[in-house]
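Chains: A, B, C and D, in written order; residue numbering restarts at 1 for each.
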Amino acid sequence: MKPENIVLGVIGYDCHSVGNKILEVFFAEKGFNVTNLGVMVSQEEFLNAALETDARAIMVSSLYGHGEIDCEGLPQKSKEKGLDDTLLYVGGNLVVGKTPFAEVEKKFKGMGFDRVFSADVDLEKVVEILRQDLEKFAGKTS
Amino acid sequence: MKPENIVLGVIGYDCHSVGNKILEVFFAEKGFNVTNLGVMVSQEEFLNAALETDARAIMVSSLYGHGEIDCEGLPQKSKEKGLDDTLLYVGGNLVVGKTPFAEVEKKFKGMGFDRVFSADVDLEKVVEILRQDLEKFAGKTS
Amino acid sequence: MVDTARLTFKQFKSIRRQVLQAWPTGAGLTLEDGLAAQKSIPTEKNFAQAMKNAGEQGRVLLQPRAGVALVEEHIKLLQFLEEQGEADLLPTTIDAYTRQNRYQEAEKGIVRSREAKTSLLNGFPAVNHGVEACRQVVDRVNSPIQVRHGTPDARLLAEITLAGGFTSFEGGGISYNIPYAKKFPLKDSVDHWKYVDRLVGWYEEQGVSINREPFGPLTGTLVPPFIAITIAILEGILALRQGVRSLTLGYGQGGNLIQDIAAMKALKELAHEYFAMENFSDYELSSVFHQWMGGFPEDEAKAFSVISWGSAVAALAKAEKVIVKTPHEAMGIPTKEANAQGLRATRQMINMLEDQVFPASRELDMEIDVIKKEVKCLMDKVYELGLGDIESGLLAAFEIGALDVPFAPALCNHGKILPMRDNDGFIRVFNKGNLPLCSDILDFHREKLELRAKAEGRSVGFQMVTDDIYAISKGKLTGRPK
Amino acid sequence: MVDTARLTFKQFKSIRRQVLQAWPTGAGLTLEDGLAAQKSIPTEKNFAQAMKNAGEQGRVLLQPRAGVALVEEHIKLLQFLEEQGEADLLPTTIDAYTRQNRYQEAEKGIVRSREAKTSLLNGFPAVNHGVEACRQVVDRVNSPIQVRHGTPDARLLAEITLAGGFTSFEGGGISYNIPYAKKFPLKDSVDHWKYVDRLVGWYEEQGVSINREPFGPLTGTLVPPFIAITIAILEGILALRQGVRSLTLGYGQGGNLIQDIAAMKALKELAHEYFAMENFSDYELSSVFHQWMGGFPEDEAKAFSVISWGSAVAALAKAEKVIVKTPHEAMGIPTKEANAQGLRATRQMINMLEDQVFPASRELDMEIDVIKKEVKCLMDKVYELGLGDIESGLLAAFEIGALDVPFAPALCNHGKILPMRDNDGFIRVFNKGNLPLCSDILDFHREKLELRAKAEGRSVGFQMVTDDIYAISKGKLTGRPK
């Protein structure tokens, strides 16, 4: 089985690079083919990279609080570009201020993200979910 | 003007002696004639000391949490003993557990205490109030 | 070698008959039944073992204070502190009526707590609840439990809680009288604690190790280290004489980093020295550091800071155990949530500092030296007054004020000594009362206090003592004029 | 003596014309108007003066971070932090769009925040609000205010906020590029900050002292002290060259008590040394200690402990200022209440420790020594590469990785160096990348790391780095295997 392509990056004008570097190493170790766009990535850069690499998932990070503004419309644009089969995950400190995670999740799912994660998520769980989601999709599209 | 007599003590089986020692020195410095019964004082000891010294005020402390049980009936007994003109003050950590002071005050005023104080009360304010209360009383009984 | 001061089994048994009659729950209690219960307790729940392991592994164990009126609520409280508080060791704090053997009042407190559906007692009335209830408590938690109280006559409490499966018992004939009682003769409390220690010694002889912990902080209020340490050593010796083997000596944070670390080091070193002098070698010694025991700030954020500072010093002083305060301290008995918060704050600090070392320095060595000299002054006097025997010596010493605890309620305590902080925040002696401190030590203290007086532009006096008592609760270590 | 590297007034004025055009609020701004505003500000609100006083009085001043989208809310926030938080110094933290000169996006954030009736920006968009709004802010609080941000090109921000009456400006050409930007050329940010420093220098020449503070913590994540100190000194020299006189150098807590105190001592001593070498003598130097800048624990009780530990070390290290975190750190921009809680916890600790001294010791001296040697290795290289000039030297050094900041996002940073904790929790170098550390220093680091590897029964490797990054947030200082 050839490794699945995923795209990784921190959206908007967000400079938080530490988690991003860890995510890159982590997913690579788990056998994914990671395209890491680093920090300060625009919606267009995410989508173009996904198209170019034929990525199965886009992992958007936002730590600095502007996640809500920065992510607006990304799922729609993703569909428009024909990336219907590409999973859209988002994680980090997604909104300004300490907020119950359920609220945050609802907001970002409402915006069209497939999965929403808090900053303290166990990454092992994330890969598990990712693999399941990829399988489901594989089933659907094959 | 001769110094007013007051009686001081920590009620019940309460051993907290530090505040009591400070109160003794404080009221003495303010010109009161203090009878300090120390810690672990029963209701009877308070009343007897007040009778013996013809005290104008009884200052009950309770720190350890059993204040509610220990103070029950003291105001009534005070009246029964004819100490109608003796002020009954109570202060400290009067109930078990962190409780809004307004609740505590209501409870102890309901029990018949003239004044109720929290542990962080400014003692300078207490003397002020005490002097006012004593004057009022003096006016009434003369 | 059996100490000549040890109660004989016959003496013990005859006292025991009386003790068990004090309240119905004592009736019919046999030593054998208690022993069987203790033997069925898994090692992980043995307090003495936990303290030994902590010493060997260089760990600081966390223990809260906690106790409520009703059994089921008490169990839930302890479970919560294990799970949400990450406590290593559990307490069962006993209510203040039980501490004064007022079981009738305690009963009233239980009844009224049931009615009020909330605890109206400031602790767990273990005697009233009896042996079976204690066993339930032990059974339904995972950690060792210690009885924490303040009882001059704790004989029945010890009988019931040890038979109930608790594996550590706090207190001592001095430390649970002077700060906790008013009219209790010191000779009586020392005698009663001889009984408690003998009971623990008996369990030891049967192969069950029970931890004993004299109460180090005393009045928790500006106690100069040497006074606390002297009393801890004396109670240690009294306990060892009755066959106690697992001993944890305690010290309450004074607030100055150097003095506190010096005190913790001096405490252990001196204890070993005096125990050796008394011919004891077969014991396990550990130490416990109490986070600030005096008045707390009411503001919870500030209280967290006081808790954290205590945790940091406990870690740097390499205590085996730290007793944890809560952000509710100034206000009232903490909720279980507040208690767990204190524990988690402490856990974070202890963990962050576990590999860190407070380096040796001239200042630290000097302070250790001072404390050792001070303790020697007091111990020498005790031996002198007792003609070589510390038990009669300590009674005589309290009698004449050669041992004296500041701000204590007990009438058998002289109450003349007044402590005060010096300009660097070390606790020194302002009024020595009758303490037999030698003149160079006294000069040293006086000099230090004069430095403070000069810095504050006022003279050394009682106002400073009052200011120091309030200081931490008002957000400072030393009470300076505004 | 005017430094040859100093921008001439002509150069400055010509750049200025362009700068003011970047956003409408810059139009028509005159230096004279700004100066007049600054001159009308009372001394108690001058940041430079406050830092000077703190140094003279040996005080540690408390400063939070805070900024919201709308002016009125921002003022209320600052007032709250003064009153309920007992802050000595106030911040105005700028939002992340403004930091990247994205005033259009900032505008959108302001509009949406008004609609949402809550701040959707992570700071105060000072450029969009303009000079008058800043003056209102200054007017309605009692303490000096500093602009805190992370802006590679902060020229317009500086023009507006200084004309608006703020009296301190954080940042620098390196420290506000490497950790905060991705594609910003280092030469450009250094040039832009020359402008900012020159602007501050101009105010100084007119008799108004404005404090400048390079951003010490960089990525806030396991930055070895010598890297942070070297960059702080370089930015200090760049600032002094443009006429800055009030300088506060910063350092972010590493977590190990000895290393942090050593770093704070070395920072000041080395700064004075290198400033003297560069012929500067007419300046006021102070230091700022940042409470833990890496990932925080989510639990608030644990966060309080991290905050308290930072406060304790700030006090023992005798910093002039401490930057305060909040119990919400791991979760999001703090509410004003959480921010005040962080301040009050810090206040309590600073006050309890204000008279306490961390004694001299062999361990401390040794670590100071190590840091000084390490910094010398880097500074020597910078001078060598710049043929005696630090400005071109530092650009070349970053180019080849002779200066390198761990985990930074900037592409102009090599990103090869990997730090790691040793067995005692000191931050050491695991992968040196191209850092010009001499071989005995490298051997020393390696040795220390091997001791840890041995203690953990695993080999020195990247997993340890990851574990260390998570460690504090998971409740430890060093990331050990379970």
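The rule we apply is simple: a residue touches a chain if its C-beta (ideal position, glycine included) is under 8 Å from a C-beta of that chain, and two chains touch if they have at least 3 such contacts.
Owing to the predicted nature of the structure, the values given are computational and were not obtained by experimental measurement.
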Shared chain contacts [chain A and chain B, defined touch]: none
Centre-to-centre distance between chain D and chain C (centres being mean Cα positions), rounded to whole Å: 45
Centroid distance [mean C-alpha coordinates] between chain D and chain B, Å: 55
Centre-of-Cα separation between chain D and chain A, whole angstrom: 31
Touching two or more other chains - residue numbers and ranges from chain B: none
Set of chain D residues in contact with two or more other chains: none
Chain contact topology (line, ring, star, complete or other): line
Full enumeration of touching chain pairs: A-D, B-C, C-D
Chain C - residues contacting chain D, complex: 255-258, 297, 299-302, 304-306, 308-309, 311-312, 316, 340-349, 351-364, 423-425, 472, 475-478
List of chain B residues in touch with chain C within their complex: 12-18, 20-22, 25, 38-40, 64-66, 68-69, 93, 95-99, 119-120
Contact set on chain C toward chain B in their complex: 95-97, 99-100, 102, 105, 108-109, 112, 118-122, 150, 179-183, 219, 221, 294-295, 298, 328, 330-335, 338, 407-409, 462, 466, 469, 473
